[in-house]
Amino acid sequence: MTTLLTINGATRRFGGLTAVDGVSTTVAKGELVGVIGPNGAGKTTLFNLISGFTPLSAGKVHFKGRRIDGQKPFRIARLGIGRTFQNLRIFPNMSVFDNVSVGAAGMLGVNAAGAVFGGKARSEAISRRAWAALEQVGLQGLAGELAANISYGRRKYLEIARALAMEPELIILDEPAAGLNDTETRELAAFIKRLHGDGMTVLLVEHDMGLVMGICERVVVLASGRKIADAAPEVVRKDAAVLEAYLGVEE
Amino acid sequence: MALLEVRDLHVSMGVQEILHGIDIDLGEGEIVAMLGANGVGKTTLMRALSGIYRVRGGTITLAGEDITNAPSHTIVARGLCQAPEGRQIFATMSVRENLVLGGGPQGLARIDEVLPLFPILGERMGQAAGSLSGGEQQMLCIARALMRSPRVLLLDEPSLGLAPKLVKLIFDLVARIREQGVSILIVEQNARGALRVADRAAVMEGGRVVLAGPAAELANDPRIVEAYLGGHVAG
Amino acid sequence: MAGTSPAMTLESVDLEDDWHEFSGFFGPNLPVAMDYYLQQLAIGLSLGMVYALMAIGFTLIFGVLNVVNFAHGEVYTIGAFTGLVVISAFAPPLIVVLLLVVAVGALAGVGLERIAFKPFRRFSDEASLKSRAMREATLMSSLAVSIVVREAVEIGFGSQFQTVPLDRLLNSPISLGPITIVSGDVIIFVVAALMLGGLQYVLKRTNVGLSIRAVSSNPLGAKYVGINTDRTIIWTFAVGSMMGAAAGILVGLYYGAIFPSMGFIPGIKAFVAMVMGGLSSIPGAVICALILGFSESIATIFVPSVWADMVAYGFLIVTLIFFPRGIFGGARDRV
Amino acid sequence: MSDRLRPLLVVAAVLVLVLGVVPAVLGAFDRSYLYQVANLALIFVLLAASMHLVTGVAGLLQLGHAAFYGVGAYTAALLTTEAGLSFGWTLPLAGLGAAFVAVLVALPTMRLVSIYFAVATLGIGQMLYLVMLNWVPVTKGPNGILVTSGLTLFGYDLSRPASAYFVVAVVTLASLWVIHRLSHSYYGNALRSLREDDQCADAMGLDTVRLKIESFAVSGFFAGIAGALWAHTAGYISPADFSFPQSILILAMVVVGGLGSLPGAVIGALVLILLPEVLRPVGDFRNIIVGGVLFFSILLMPKGIIGEVSALDLVRRQLGGAWRGEGTKAGSEVGWR
Amino acid sequence: QQPVVKIGYQLPLTGNTAQYGQDFKNAAEIALAKFNASGRPFKVEIVFEDSRSDAKEGIAIARKFVDDKEIVGVLGDFTSGVSMASAQVYKSAGMPQLSQTASHPDYAKISEWQFRNITTQAQEGPYNADWMVDQGFKKIAVIAEQTDWGQTVVSNFADEVKKKGGEVVFSEFFNRGLADFRPIITKIAREKPDAIYTGFFYEDGAQFLKQMKQLGLTIPVYSTSAAYNQKLIELAGADAEGMHLTATFLPSNPAPQVQEFVAAWKEKTGQAEPGQFPAQAYDAVNIMLAALEKAWPEPTREKVRDALAATKDFPGVTGDTTFDAHREPAKKLTKAVVKGGQFVAVAD
């Protein structure tokens, strides 16, 4: 198994607060890793460190053997990291299809000269990718709809589709199941599993234990910015520290 | 008569009607859960109740007074508070200021009752609300609604984005608040949790209430189990 | 200075005498160069105060609605013309003029809000709230109102400078050691300081201020906590426009220049100062207005005055390069 | 109608209208005034369209557009008077000159967002205006420049309003075609995503800074082209033609027509140039009326006469710009071809 | 029914410079009424069009005038910029254009169709330079507005001063409508000039004079005829006292045409005495009318042009106007000073 992502002593401070504190872990190609932890544990911050939205205070991040910390988000994205956001960030005044096309366009590259004089090859490639991503999440029926007009649950899939249209090697999902009901969460779980089955490497933050424990191969637990566990779900589930910090005593 | 009475409520967005005649009763000290898939109009209902959306038809009565299409500030003044979807906190203001605003004329009078529920907020009092983590923002949103000692509390997906420990805490909290005589209307995707604490529940589909009844009954209704509880009967 | 100008006819001009008076102006003791810079600084300060006076109301209104009010300059003009009409009608003392102007300014602000801003709040769907087109629509509606007002004033009064009774001008010189200022500088300083102090107190210390800041931060959220957002917005417009109108008459009397497009240049400068300051910070806007005033007068020392604005705008660009969200602006929302 | 044919027909219709019907009708009146107004309208159509790209599509509120128009006009005028170049040369060079200046000023300001960017462009516009006004040795300052050669192409003098109309119309149409390709394509989608949420676009692998600079430069280029057209058709330029109120006028065109909508920008420009001319008989009140019309149009159609959504739909259907997803039912057109 | 001859007048009737255009219109209407009442064999109609001092409007108006076959001559525009842009149209279409104020050095050079009846700084500058140097001022500061006209104010004046052995110790421009002159005034003061020569209109002039006095500066100020307007004194009050300037028009001039114009003006507008610019417009209209008369009975554009070109010693309110071979006027200049709230002539 080849390592795709290596996080080495990642640290991020905000003033006096250390949101992420010396976290190290690796993600191998094809893995499905869950990240859990109490609210404010630093999960989103960790994702922002990986995708370049927040600079590291200390530590290193490597992707495919290349150091990526300190790089601009779009460069990191182009290396093959797609992401979604905890607070849904779609492009509300664009159609569903156009939203997704941006993911494809970002990876395939667009420029002014190409847009004016270029042949159809590039735009068809973008179209096909975007369409494939939409089909993957089952939104093709809403392709022409304005994104602001579709429901919350579908926006979640839209955001995922947009990341998929990038055809990334690693996809980071920040709380994809938030706001979905149990049935929808199951569908999502199945969807992520399928994605994983197709060879995608997934890094997933989620508070829905059913989802995390059900599909993840490995779970990283953060609390107060520190990694307190990093193991298979069955192990983590019984870890005293994790129970104490995060899960609470289940009935 | 119920504390909050909704009769034949119609709400439209532009030309499109979203709620086609909703009836709900919320009794004194009662908890009612609203279930329904994404996009059926639960949030639209909640917004209409708080006076954010205009009502095209039907009536809303709070403690015998007609509040249909009353401005949102008078509705809040009459004791109907909401922790809305999307949090709607004041991102550029500090956590403390958010809470003061939640308290309205009472200001921070109830801070000592609210803060212990969410100790982490106590540590973040001076921080800009927008820089909080997702879950912290959700806590702030709920805490803010509690600052005013509401008579009717509307919670739109309160457990969204909260860690499991806190989800449990939220539902316990809902039960506790009811003890103080507050009536609660709660919209939840976590149907299991909501049905456990609720007295009654209603299921919405396509802008209508399609099923209503005592929560315990609904929790065992095969249709509910199939659609919202992932096929397993709630424990 | 002699009352009847000695330079009135050539015959009476004694060059030697002139020399004498001239050096007296800069004071006999300080080196001339020093006086010169001090005088330029004093002028820069008073220029800056003039911009600040306008920037305060402008920033207040922007802070609440997050839209540029292109008609603020016209409120300023309305203030000046109201004052002029009042003065020529029954010549009351300045304070009475100010009160009347402020009242008219409040009316203008409320009217403006009703006409140019409120109608656009009827769109509450997400696509509209997040749409650039809707944002720029209010900008345009205020621009359209400003065009109509300016043209109307022009038709009513003509576009020339209005004649201000000379004894009402706020420009009797006051000598402070080597430098000279005028009475208007003092009045403008006091008024601006009062406005700034008052607003800071209201915004930071009172519930009204808290509501205003809440509406500016998240108007929808403000509804959920029971704030009467419409009323808050109207009040803000009323207060901001009162300040704009007061600025108009004060600056009008200060320069003795009242004409229909008088709000244009101070409007631009106030806009620039507000943004340099970080949009929602009134002290920030005031400080940046002072910086703009200073940079204009100081620039004149070193370059021809036609280039002075170049320095002021250069300052703007440099500021924004180093502080992309203004000097006192907050950070961007976290991802 | 066959889907292949329709776009061709639409293009043909536009060409016939602009290059056939309009000149024929104007010619029938035998009034050079009408041509003059038409030329002016076309120049402002081009200006509005170029601002549409940066303000409507990429969402960067541009408050200094007239300055780039001016840079183009000055480049053309100076190349004509100082270097003796004819219109055939000055036209592209004016565009390039304006684009060059646009890139220069874009470099330091592209990190700015929203109103901060708007004010930066306002400042830059004013600075460029001050340069035109005060850099007397080069720009002749307030004296302006008498442009000695009018519209000449391949040695033919095309300065008469009627022939100038064709030159202006062809240049404007060609430019509109380019702007159409840019805004109605995946490139346009990328720019729109900047407008909607630039951080998110960044996460999609878009080099947001480069895109902003690029769109700014292209927009500057076409403003420069418009400037060259103005310089050669007017014959005399001075800084006043490129001052801040002109920027606001162009912005008003784009907003009234529909921010984000290219057909809207075109219509907005036509309305705001033609309306004051039509209202001439009204006398002193005409500008009040223009202001009133502006106000009511915004009030009733805040998203513009042709809003972005309907404009995109129109282009997709009528101009055959749409790419059809494999699984879609016939007629549901989505992406860009 | 008398035949009617039409002329066009393009001028700013709205916008920032509307006050000037409105004045021109009043002056033109006075001149026209008098002409039409005087029993000539034809009547004249003036078509006024509002250019807003905007070149793009000016050009459209020019086209409109050119299209109207009945229009045989055009007056205006106000600013040189708009006049010159419009002049391109008149040049190519062959329409005589007479501007009452355009003072750009190249304006009349555009073609044989452009005329102006305002004195240029080529005449006024040296005249004032001589005047000032003769008064014994050696070190002179010069400021002027940053317009084409202001440029000529400075250059023509400075050349002559140097020739006469004087020294221009300071020379700067300012943007029109500058609110605060104090930074420049302070800067001027540092150069310690003997006198200041200024190129401004009355609004800027009033601001300058007031602020100069505020700063306690008492250096003699000289200016051009452009500052000649009663409003200058209204706006600046006592601070205007002692300002010297040249004029071609003095309302106090006892010449009958002047007194007639002043009286008609007061009656029509209800304002005080007319300033320099309305007088310019009044003369321009009359010169045009005289040219029409000369061209009658067949007033074609060519004939009107030729008639204009032949204008010699036309007795206007701004003095006698003769167009030289370059269609430039030469006028007699008068020296004036503000004294007791009035412009009064200064004996040479």
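All chains are identified by letter, namely A, B, C, D and E, in their written order; residue positions are counted from 1 within each chain.
The criterion applied here is as follows: a residue touches a chain if its C-beta (ideal position, glycine included) is under 8 Å from a C-beta of that chain, and two chains touch if they have at least 3 such contacts.
For reference, the UniProt names are B = Branched-chain amino acid ABC transporter ATP-binding protein; D = Branched-chain amino acid ABC transporter permease.
The structure presented is a predicted model; accordingly, all values stated were derived computationally and were not measured.
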Each chain counted as touching subunit B and subunit E at once: C
Shared chain contacts [subunit A and subunit D, defined touch]: C
Number of steps on the shortest touching-chain route linking subunit C and subunit E: 1
Centroid distance [mean C-alpha coordinates] between subunit E and subunit A, Å: 73
Whole-Å separation of chain centres (CA-atom averages), subunit C against subunit D: 33
Computed distance of Cα centres, subunit C from subunit A, in Å: 49
Residue numbers of subunit B (touch at least two other chains): 131
Touching two or more other chains - residues of subunit A: 53, 85, 92-93, 146
Contacts with two or more other chains, residues of subunit D listed in rising order: 133-134, 196, 199, 260, 284, 287, 308
Interchain pairs in contact, sorted by label: A-B, A-C, A-D, B-C, C-D, C-E, D-E
Residues of subunit C touching subunit E in the complex: 1-10, 13, 15, 18-19, 21-22, 25-26, 32, 36, 39-40, 43-44, 47, 50, 151, 154, 158-161, 163-164, 166, 169, 171, 173, 175, 180, 182, 255-257, 259, 261, 265, 296-297, 300-301, 304-306, 308-309
Residues of subunit D that touch subunit A when the two form their complex: 178, 181-182, 185-190, 192-193, 196-197, 199-208, 214-215, 218, 260, 308-309, 312, 323, 325-328, 332-337
Residues of subunit D touching subunit C in the complex: 55-56, 59, 61, 108-109, 111-113, 115-116, 119-120, 122-124, 126-127, 130-131, 133-134, 195-196, 199, 244, 248, 251-252, 255-256, 258-260, 284-285, 287-288, 290-292, 294-295, 298-299, 302-304, 307-308
In the complex, subunit E residues that touch subunit C: 14-19, 22, 135-136, 146, 172-175, 177-180, 182-184, 186-187, 189-190, 192, 194, 203, 206-207, 210-211, 213-221, 231, 234-235, 237-238, 241-242, 244, 337, 339, 346
List of subunit C residues in touch with subunit A within their complex: 125-127, 130-132, 334-335
